[in-house]
Amino acid sequence: MINDKNSQKIVDFIQNWARKHSIWVLAYGTGCGAIEIPPTMTSRYDAERLGVRGAATPRQADVLLITGYLTTKTLKRVIRVYEQMQDPKYVIGFGSCTINGGMYYDSYNTIKVLDKYLPVDVYINGCMPRPEAVLSGFAKLQELIAQGKANGAQKYKDNLDWYRENQKKIIPNWVMPEYNW
Amino acid sequence: MDSIWFKLLGVVVSFIVAFTVGMTYMGLSRKITARVQNRKGPPFYQNFIDAMKLGSKTSAIHHGVMQHFGPAFLMVSSVMSLMIIPVLNNGMWFSNLNFHGDLIFLLYIMVFGPLGMALGAGQTGNPNSAIGVTRGLSQMVGFEIPWVMALVALMIQYHTTSIVDLMNIQVESGTWLIFSSPFAFIAAVLAMLGMFRYSPFDIVGAPTELASGPMSENGGKYLFTMMSSASVFAFAKLTLYVDLFLGGASNLIELLIKTFVIYMIPVLYGVVSPRYRTEQSIRYFWGWPTFFGLLAILYAVFF
Amino acid sequence: METIFLIFILFLGGAIVTWMAGKLGNIVQDILFLATILVPSYLFYTNVATGYAIDFNVGGIELSWGINAFGWLFSLIVLGLGAFAAFYAVSFMKGKERRGAFYLNFILSIMAMLGILMSQDLISFFIFWEIMTWSSYIMVVYNGNDVQRIGIKYFVFSAIGAYAMLMAIVLIKSMTGSFMIESLISSYTSFSYDMQILIPVLLLTGFGVKAAIMPLHVWAPGAYSNAPMAYTSIFSGSLSKMGIYGMVIVFTTMLSYVPEGVWFRGVVAWLGGFTAVFGTLWAIKQDDAKKLLAYSSVAQLGYIIVGVAIGTPLAMMAGLFLAVMHAIFKGTLFMVVGAIERQTGTSNFTEVTGLIRKMPWTFVAALMSIIALAGIPPLGGFVGKWMLYESLITSDHYLLVIVIFFSSTAAFLYCYKFLFGFFLGQEEEEWAHVKEAPALMVVPMVILAGLTFLLGTYPGIILKPIANGMQTLGYGMTQGQLWDTSIILNEWGNQVVLQPILYAILGIFVFFVIFVTIKGYKNTRYVTTKDISSSGEVPLAHENLTFSQGFFQPFLRAVEPAMRRQIDKYYTAIANGLESLFDFTRRIYTGNGQTYAIFVIVFVVILLIFKNSIFG
Amino acid sequence: MDELKTKIIERIKANFQDATENNSFNYNRLDFNVNKTTVPSILFYLKDEMGFKHLSHITCVDWLEEGELELIFIVWSPVDKIKVFVRTRLDRENPVMDNIDMIWRQAHTYEREFREMFGIQFTGLEAPQDFLLEDWDGPPPMRRDFHTEEYASETFFERPGREDAGDVREEIIKRSGEEIPDFAKKYSR
């Protein structure tokens, strides 16, 4: 009975509802975008009313928010942090830099397309995106979670070899532990 | 009536009540903090959603057997406190193990959890956890002094170490202990600020310094257990204060009002305070709170 | 022949034979050693009942040996812990040098302690006391490390204690004409006022040195940490209890007959309280496990002294219960340190980390003894501490309660430091090869740790002998209601029933352990301690991130004013002063005949000057 | 000020024959060109004998056309309020320089950076290889013959539609026929 398809649907609905309204964000402040997080969280825009709240460590976080350009050196840490997060987990790419390189399109040490290395669920474009845009990004993520479509983590597991190949191209000296999901 | 199953049912019911009330209070405190900061704030049931989300996390990691024991130790501490502290005045409901309620025993069972949790945090190997634990234990040494002074003052004044007896004294005389031993109340309330670990005493899990300290390697089910334990423990502590100083409560509504009033003290003190350093926090507790504790003992001895 | 002589002859003969047997092979020596401990112990418990007494005459001096219920209680500590420690020692000493000397002194210490408990006269008491002191002194300098500093400190303080005791014995002999303890007690009230004060002071000094009470404790940390750990477990566990044994007798007999006894009790109780506080604070500061446990021993003996000195039935019972518990858990903890030192070669927290997966049984023993030490229910230490608080409140020592409570809360700090330092934290490459200690070491530790659990849940097991012993000390049977196998009632009639609470604790614990383990079991993975969320950084194999330097630094900063003064320094100042005095005296004797001639002339001149004024 | 400067120039010239000075800068700046072997001794001299206690900066210029790298050490005297530039030229193919972090410890950081960014080898520099560029296997990126855009497009993935790196606003105009507002014109190419 508990494995019945309909009851599973109900459980999924409730769980997704909870996940949707409780988003603990690990803000990885890589670039200039980190400056947009404080206004988003504090009294002007107050993201906490949507259930969005900062998490201190990757073990507790649901969303990895990558705010800005990623150098090759930082990418290693970001991948590490992402792999330490517990399922279900989502990634938000924030700002033009994560989408197409932005103003760092010709830099010798920043990656340009984040979704080749990590499964991005939602992109927020803009340079910088205003807090309204950030909130709308979260709203979009909530929508995806509610529909069960925010399955980046699953994509990462399924295509781990492809992602690893891309990552190792940037990071030749690979010392990280195995990904245990 | 005395069957073991009935008792177990009582434990489960009081656990659920404590969990619900504790979670709601924590949600309300978030709401109140938000309103003080001129924000809208999350809904008051936000903590339930968070707990559900943590419970529905599908994967987890552990660093060894002590990490499983840590949350269990915490739970032992909070549930045992809940069982020993009488919830209501009339012994009919929620009388789990109240008749063994002894203040000294309670003091030790209340530190049981943090110590067990410290072991669990230690095994993760995260330096932040260990730093958080040392801060927490140091702070505990700080606030236990005024807290014990207040309790010893009560023991001296009323010649009992039983919480039930203290409640009965208040019911019989009609005077709350907050009026008959005010200094003890002040010392106990100041110690409570440290016990609840809101600002400025949130040095243990300071998210920006220590990445939430002892909890930093715990996610999903571990964090869920700790969060439930914290809410149960908060309820138990608030009930203890109501029992000791505000004359207990004869029904749940009265209990809720009184505990909420008590709960507002650390919350409202917290929202306007920045964070102390560890030694400042310890010295704070050994300053005025200890002075009031001494006053309470003198008052109890001479009056 | 009387069995008791047989016991002592077996001890002595066994000790010497074991010492000599080194040539016969290690196994023969080990077996002889164990037999020398175990056979007399067996004979003692089967053939020597409480109330046994024998008088005999050696060289014209009347001696009297016997055992009462109180001594029998302490014999449990001596022989029981001694047997466990002996098994441990056999494994501990494997492959070490000078095993014969170690075994000899081990056996002699056990024998001397049993002799102290048997002695009913002051002569044999003093002789056994000195045997105990000397055998322990040899153990302290056994390693040959730091003999100058630690050995001499222990020697000097033991000598002070021994001389104080000897002086008291001579005074007693001159006044009563007998060496019997009984005659001392019976005629104590007829002494002059000065003697009534002086004799307890001298005796308490002698006992206080062994019990490491506050101003006399400076030898303890060094001596405890310098002796081999197999011996330190009885050094701290049983040998220090001999001081408590003597103190209890002084307090319950002599000082309860005179009104000044109240002052003595107050002063000694406060000294015990300060010992507890400062021992704890210094223990928190130590980075070496041996030093930490040594200071912790000093602090725990402080509690016991408080209980014994207050002397109400409940307080006495608390003190004695804590004495038994302290013997068990501190004996275990020193064994744990010994095991770790043997397996890793160091006992420093800043060097060893993350042994929990390497030495799980040692960890279990350490965990349980530490919980007992911290006094957390349901393990043994709680019952003792709880009775101590009750007794202090009922006997109106309100500030002492706060002092004791402060010390026992601060004790959590070093308890955690001990567990974290050795067992938790990151697993290090350097200690990857470490194996669990041999079974002969682990089994005694685990059994002793199990005893703390048993005695915490069924304190009546040990409270009965304590009550019997207290009866022989003159406490009535009224405290019979204080104990039952499972229920403790306090003075005000409230009760804590330990068994249901124990079941509740175990039930909740097991339930939540199962809950946390079972929930999502398939998706829960073990990761190494290198896999931690440290800002996305991956610690390499040789990088150790364990937090072990400057542990509890903020706390120490907060209590820094209290720790600025060390008693050690005052003693050093006294020693320096004496040295310069001696130096001055030495300068007078220049070795030059001319100078002596001047001295003679000066003396004669002075004599001549004063001749008229003195002799008129 | 001028007297002071002439005095400094005289003293330097007296002690270091290969130093050629350039005194055409504004009032508190002096400029010396020296051989690379003289650099440590002149810096020592400036620091110990003449009170130039403070190392303001070390910088490097790539003279691609001349086949040389120029290292410039800027030191500052807090007493005289004068800064001295010490310039030296290194061979571009094999740039080797003496390590000077025993004179100023902060030079260590600059030297590690030059080692990675310009490929200058400092003899006796004791530091791990990786500093800013972890796992770098290309040519030194700050040299002028390093084509950064080419390298980036070779190494990193590109988002389609970003190939020309053109102005977005012009693209928008092309698509929708919208005018660029006046205030925005000065920002466009």
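Order as written gives the chain letters A, B, C and D; numbering starts at 1 within each chain.
Definition applied: a residue touches a chain if its C-beta (ideal position, glycine included) is under 8 Å from a C-beta of that chain, and two chains touch if they have at least 3 such contacts.
Everything quoted here is computed from the prediction, not taken from an experiment.
Using CA-based centroids throughout, the chain positioned farthest away from chain C is D.
The busiest chain interface, judged by C-beta pairs in contact, is B-C. If you average the CA atoms of chain A and of chain B, the two centres end up 35 Å from each other.
Centres computed as Cα averages put chain C at a distance of 69 Å from chain D. With each centre defined as the average position of its C-alpha atoms, the distance from chain B to chain D rounds to 60 Å. Across the assembly, chain A contributes residues 57, 59, 76, 87, 180 that each touch 2 or more other chains.
The multi-chain contact residues of chain C, meaning those touching 2 or more other chains, are 523, 525, 527-528, 530-531, 533.
The residues of chain B that reach two or more other chains are 57-61, 211, 216-217, 220, listed in rising order. Applying the touch definition to every pair of chains gives A-B, A-C, A-D, B-C. For chain B in complex with chain A, the touching residues are 30, 34, 37-43, 46, 49-50, 52-53, 56-61, 205, 207-208, 210-212, 215-220, 223. By the touch criterion stated above, chain A contacts chain D in their complex at residues 72-73, 76, 99-101, 105-113, 116, 166, 169-173.
Per the touch definition, chain B reaches chain C in the complex via residues 57-64, 66, 68-69, 71-73, 75-76, 79-80, 83, 97, 99-100, 102, 104-105, 108-109, 111-112, 115, 118-119, 122-128, 130-131, 133-135, 137-138, 140-142, 144-145, 148-149, 152, 155-156, 159-162, 165, 211, 216-217, 220-222, 225, 277-279, 282-283, 286, 293, 297, 301. By the touch criterion stated above, chain C contacts chain A in their complex at residues 523, 525, 527-528, 530-531, 533, 535-538, 540.
By the touch criterion stated above, chain A contacts chain B in their complex at residues 14-15, 18-19, 21-22, 24, 42-43, 46, 48-49, 51, 53-54, 56-57, 59-62, 86-88, 180-181.
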